[in-house]
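By written order: A, B, C, D and E. Residues from 1 in each chain.
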Amino acid sequence: MTKVLDIRNVETFYGAIMALRGVSLEVKEGEIVTILGANGAGKTTLMKTISGLMDPEKGTVEFNGENIVGKQPDHIVRKGLAHVPEGREVFPYLTIEENLKMGAYCRGGDIRDDIALVYEYFPILKERRNQSAGFLSGGQQQMLAIGRGLMAKPKLMLLDEPSLGLSPLLTQEIFAIIKRLNAEQKVTMLLVEQNANVALHTAHQGYVLEMGRIVMAGSCEELRKSDDIQEFYLGRQEETQRGQKRWKRRKTWR
Amino acid sequence: MELIQLIIGGIATGCIYGLVALGFVLIYKATEGVNFAQGDMMMLGAFVALGMVNSEFGALPFIPGVILAAIIMGGVGYGVDRFVVRQIFGQPHFALVILTIAMGFVFRFAAGAIWGFTPLVLETPFAGNTLNIGGIIIGYEDLTTIIVTALLTLSLWAFFQFTKLGLAAQASSQNQMAAYIVGVPVHRVNSMIWALSGAVSTIAGVLYASKGAIDPNIGLLGMKAFAAAVIGGFGSLPGALLGGILIGVVEPIAARYLPGGISQMSPYIIMLAVLVTRPNGLFAQIYAKKV
Amino acid sequence: EDGVTDTEVKIGAVHDLSGIFAPFSVPAVKAAQLYFDEVNAKGGVHGRKITYIVEDHGYQVPKAVQAGNKLINRDNVFAMLLNLGTPMNIALFKMMEPKGIPNVAPLTSARQVLEPPAPWKFMTGSSYYDGVKLASEYLAKEQGKKTFCLMYLPTDFGKEIEMGVKDGAAAAGAAFGIETQHKPDETDFSGALGKIKEAGCDTVATALGISQTINVIATANKLGVDVDFLLSSAGFHTVVAKGLAAQGVMDGVWAAAGWLDLEARVSNPEVGAWVKSYTEATGEKFPGTGSLLGRSAAETMVRALEAAGPDLTRASFIAALENLSFDDVIMGAKVAYSPDSHVGAKEIFISKVENGSWVLVHTVQ
Amino acid sequence: MKVIFKTSYDNDIDLHEDWWDRGKMIALVAVMAVLPFFLGEYYMAEITNTLIWSLAGMGLMLLVGHTGQASLGHAAFLAIGAYTDAALMNVGVPWLVAFPLAGIAAGVFGAIVAIPAVRMSGIYLAIATLALFVIVEEAIIIAEPITGGVGGLFAPSITIAGIDFDRYASLNNFYWLCLAVVVLVTWLYANLMRSPTGRSFLAVRDSEVSARALGINITRTRSLAFGLSCAMTGLAGALMGHFITFFNYELFSVFISINLLLVVTIGGLGFIQGAFFGAILITAVPQLIAILRDGAMSTLGLDLSMPGLDTLVFSVILIGFIIYEPTGLYGRWLKIRFWLELFPLARRDMFRRQKTYLKTERMK
Amino acid sequence: MSLLEVKDLAVHFGGVKAVDGVSFSVEEGEVFSIIGPNGAGKSTIFNLISRFYKPTRGTIKFDGRDITHMSAHEIAPIGIARTFQNIELFDHSTVLDNLLMGRHTHRNTNWLQDMWFLPKVRREEREHRRVVEEVIEFLELEAYREKLIAGLPYGVRKVVEIGRALAMGPKMILLDEPASGLSVEESQEVAYWVEDMRRDMGLTVLMVEHDMSLVNQVSDRVLAVAQGQPLAMGTPAEVQSDPQVKAAYLGTEVYE
């Protein structure tokens, strides 16, 4: 399998704050790779660095063999990458349909079928197709953001917390869609998810990002078995009564 | 009768305000920034056109001269965005206000240095010709102004409504990050809109020049055009035109029928009245945030 | 004395080089500077080169005060020449008064710059007031005009002209109709013209910007408002005649000024040479009001410095200026100061537009 | 790098974190106070002017920088201050009474105007205040008996307890007077910003939705900010009147409003200090350019007397500043200070700007 | 008498019936959760209670008072605090200042007193600060006290929002998806906090949440809504076993 994405030693700053401290990871074609990590670990920063929304200070990001560091995001997107960002980021004054059309901005040709497909996934969007996206509920906007990402028909999809604010039912559906796209259309996925349980069941490979560094990597099966993962990401409870003593076990990799 | 005459003249003047206002709105629609040098771009456009057309300068025929001027000003607009405005991409909008105020000074200096400060008269084919329709006298330049403005507003409106680029421009203004990640080359789209705005201000400048003489200070008109855009609800193309016409019509009517001091203030009073009743202008797309 | 050495004399000025009155200031400064350059090239005045320090205030009073502060307290200029703007001039007076810095040929319209009279206050030309007053008298008496109206900007310049027309009309027994106020950024005058038509005026004095003046007259012509226009020296500009011709207005426009239109006089070798050197140096098409005033003021300054002798002090300079009298060829007018009169040129020329040119019709002393 | 051990909440509540900071501020004021003993008339006049502009700048800063309301009409409030002060003094009211009244008059007028204006925001408010400015300008011309109309009026000179504070006759006294006013107003302003009132201003600026959820009455808060801002500007106007001594309506042009806007933005929106930085920039840099130009001419023989070149250079400098530091001089100053504090540890690229993106501000 | 009584509440936006006849009441000291599919109208119910939206019909009573027609800024003083689903913080202020802004309803000084910073102002400031520090300690925000919101990760911001609402010292707190975007570990903490709010602070909690384990853990009663209409109400277990709720909202958990 060829590497779609090959990240080497990336360091990204917010002014003086170092958010990524030398991250390396790779995504092979046809894989679903997930990145786990606590709050503020730098997952969003990593995604933005890949899609060119932020410039790393050091390191290389190779997408299909081309080093894309320093390229404008639109250039990278045109190469076949779609980024579904954290916090939805829809176009509030455009209608839902226009938002979806914007998703296919880089792609010529007939997009009607694809819009129909998105509507099939998320029927509520069809109902509201001519309404401004700004009025949608949080979860509906999330559906729209994902739908917009799908419209690009990308080779590689970056999904930053796709289940944020979605109902349990929809979360299941989203992950089913992700799996289906991966299986049927060979879309490679890089997935950041707080719902580690689902993520680790959906993805093939996983990385754990903490404080801007990769602290653990492996296949999802391996990761699921790790104690640390179980404790901190899967919410395995020591047998305590509800509301009783809450002590924390220290993470072993620090 | 006289009233109709006044209204028609007012509409023509208002169309010029409207045209300059269109320049404001274009840039606002694509970036949500306000270009305080819009009036000065109109001034520069008028001078460039004069440089093309007038016998002592370029001596080109009128229409090709104006088209060439519009193209040159498009280039100026593009350059301004490419080399200056882009440097502050993503920064708060206030930065652009200051940047463009300063740029206005630069434009005025440039015009003064190239064409001098003595007023100059653009040689137009319509100067002095009038049309008499049942006692109502319409200058050719007024007629041209009205027609050109209507066509321009319509086509710009269609551009934003129906073209992919127009949609992309609006998207960029609403969320630059999202626009980038769907593949809109936001930088380039912005530059293109600035270029368009430069061309539109040239047309406005030419039509303005056809009514009198021009000097580097005519950019002052930008303030009124700004008011026009605001009345219409910044960001609405038809609104800008309507706002311009409203001011344009109120002015002469007030000057005709109201005592001195008041007629001076009338456009501003009307504007305040509009804003007090509709704080976001007539057609603004502003909603309360959904939380 | 301040600003004077054996090799140099410093003259200061505050100007609007970037604001709404730049069309006056810039040509004036250029013309004055050119003249000084010429004089300096010939060795200066009594061996002193003239340094003309010009500060920009952009027609903002606070900046003018700063500029004056620099010129007076830092550069220690000997005199001020061509300060532009009434409020700017007056705001600087208090700073100039203790040192008695001569204020020569201020570029303003208001007679306020001579008030209260002081030895160091001078003014070039007859004021707008005198010009317009005499011209309205002439129009009433000789051209049979009966009712005067006025379109003006509410500035000191406008007020000056307002007084001029009213007094002139009254003196000649003509009536004064109505006046309409305007703004510098106004572009549609059809309403005001309607009012004027209704008032039955046959002559309209204007105190507006140059573009506005052209616009008003052209609009009147277009709408068939049959009136004559009387412009002050601020509107007495070759471009006005040309611009009006382009709009099809060939007559019915009068102007009162302290000088003659250049166009007709370029045949005069001295005038021709100046026009040529000015247009070459500046790239402008033709010298305008500002350049004329600048050139004339510079000449006045140089002549006064010369007359003051090698031992230059403010007292000797003022004495020399008070006795200065010469024919200003470029203006086509006589300039004469005296201890009683700190106003230089007193002649008024009344000209008329004829087919795109100004033609002199009358001279009043 | 300085480490502060905070031992009580007062460390945060006080204006200065510790005595070192407080000492620096006291030293600054002390140096300002003794300046007249060292500097000549030219510099004293310039510094006085800068102080007055800082005061006016603070007025606009409260509005634009701290409550997020734009104004293109603040020259109107300068005018109201200047005319009220001069008119009251002309009928014999002593300066000590006339001056605060000038501030109050401008403030009350501002607060009244604010009632309809608070529903507007951004450019809409900017243009509405511009309209207001035009109306005030017209009113000045019409109210000739009070304002001298087009002709203008002279500001009477100030005497307090027999001591002369005239701008020309005793410039140093006038300077000290301005300094005292500016120090007092700055202190009051700083107090306001560390109190609940100041926080409610910031709340309204940053998120109206949250502000309402926190129980902040947006209309009241904005009107209050408007009124206070106008009052400060009015005080500055009164001083400006005395400084310039003669004025008519043309002093208060829209360009003055624009200059004030430059002061607050270039200085640094949202920082009181920004008003001072901005005022220094707007008053000193043009002078500096002029002086350098003269210097270049006399020493290098360069002729830079092209009309308008000074203003061009100033504009280009403005453009440079904005590009270099879009968030204002004070922001840059903070960075420089931080860098110095860290000194050997600081990285050069520490303040490299990361790409930033804007979102629509049409949703409030 | 219940603390909050909502009767037949409805709001329509054009053709969209966002909320359409919802009634429920919340007892003092109760944790009451609202669940439902996306777009069911949960946030809208919150917006109606905090008076951001005007109801088309229905009444809202809080503490015996009819608040249906109050202004939005009058809601906080009577003791209702809320958080926002999409995070609405003051981005250019520090965490500390954000929390202090939460104290607005407890200020007793006016701007004139503030301007001169009278001793009373200082006393009050100390008191506000003390309360805020308690909140900081409770939510373990010490590390972020002086940080600007703009530079904080999503998860921390969510917590600051809760903190700001707590700083208001309310009787009832409305939490709109407090745990969305939080990791399992962090949502567990939210669960503890909610319990403490109820137990130690005596607060009434009204919560919207999609994380069912959190809902189960803390709620006394749950209301399920769909398309603006109530679907089921009862204990967490009851509601979750409701077939309609299952079909519209829960689906089938497939993992573990």
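Please note the rule applied: a contact is a pair of C-beta atoms (placed from the backbone, for glycine too) under 8 Å apart; a residue touches a chain by one contact, two chains touch by 3 or more.
Just so we're clear, the structure is a prediction, and the values are computed from it rather than from any experiment.
**Q** Compute the shortest path length in steps from chain A to chain C over the network of touching chains.
**A** Between chain A and chain C, the shortest chain-hopping route counts 2.
**Q** If you tally contacting C-beta pairs, which pair wins, A-E or B-C?
**A** B-C
**Q** Using each chain's Cα centroid, which is most distant from the centroid of chain D?
**A** If we average the C-alpha coordinates per chain, A ends up farthest from chain D.
**Q** How many angstrom lie between the centres of chain A and chain B, each centre taken as the mean Cα position?
**A** The computed centroid separation for chain A versus chain B comes out at 44 Å.
**Q** How many angstrom lie between the centres of chain B and chain D, each centre taken as the mean Cα position?
**A** The separation of the two C-alpha centroids amounts to 32 Å.
**Q** With centres defined as the mean C-alpha position, give me the chain C-chain E separation in Å.
**A** For chain C versus chain E, the centre distance works out to 72 Å.
**Q** Nearest whole angstrom, what separates the Cα centre of chain B from the Cα centre of chain E?
**A** Centre-to-centre distance between chain B and chain E: 47 Å.
**Q** Going by the touch rule set out above, which residues of chain D reach two or more other chains?
**A** If we look for residues of chain D contacting two or more partner chains, we find 141, 209, 307-308, 311-312, 355, 357, 360, 362-363.
**Q** Which residues of chain E are in contact with two or more other chains?
**A** Only 43, 52, 84-86, 88 qualify.
**Q** Can you list every residue of chain B that touches 2 or more other chains, as numbers and ranges?
**A** Residue numbers touching two or more other chains: 105, 108-109, 112, 174-175, 177, 180, 223, 261, 264, 285, 287-289, 291.
**Q** Which chains touch, pair by pair?
**A** Pairwise, the chains that meet the contact rule are A-B, A-D, A-E, B-C, B-D, B-E, C-D, D-E.
**Q** List the residues on chain D that touch chain E in their complex, please.
**A** Interface residues on the chain D side: 9-10, 12-13, 188, 191-192, 194-200, 202-203, 206-207, 209-218, 224, 228, 270.
**Q** Per the contact definition, I'd like the list of chain B residues that touch chain D in the complex.
**A** These residues of chain B touch chain D: 32, 34, 84, 87-95, 97-99, 101-103, 105-106, 108-109, 112-113, 173-177, 180, 223, 226-227, 230, 234-235, 261, 264-265, 268-269, 271-272, 275-276, 279-281, 284-289, 291.
**Q** Which part of chain A faces chain E closely enough to touch in the complex?
**A** Its residues touching chain E are 14, 17, 38-41, 44, 86-87, 124, 128, 131, 135-140, 142-143, 161, 164-173, 194-198, 201, 232-235, 242-243, 246.
**Q** Which residues, counting only chain E, touch chain D once they are in their complex?
**A** Answer in residue numbers: 50, 52, 71-77, 81-82, 84, 88-93, 96-97, 100-105, 107, 109-111, 114-117, 121-122, 124-126, 128-130, 133, 164, 168.
**Q** Help me check something: in the complex, which residues belonging to chain B touch chain C?
**A** On the chain B side, the touching residues are 2, 5-6, 9-10, 12-13, 16, 56, 105, 108-109, 112, 116-121, 123, 127-130, 137, 139, 208, 211-218, 220-221, 223-224, 248, 251-257, 260-261, 263-264.
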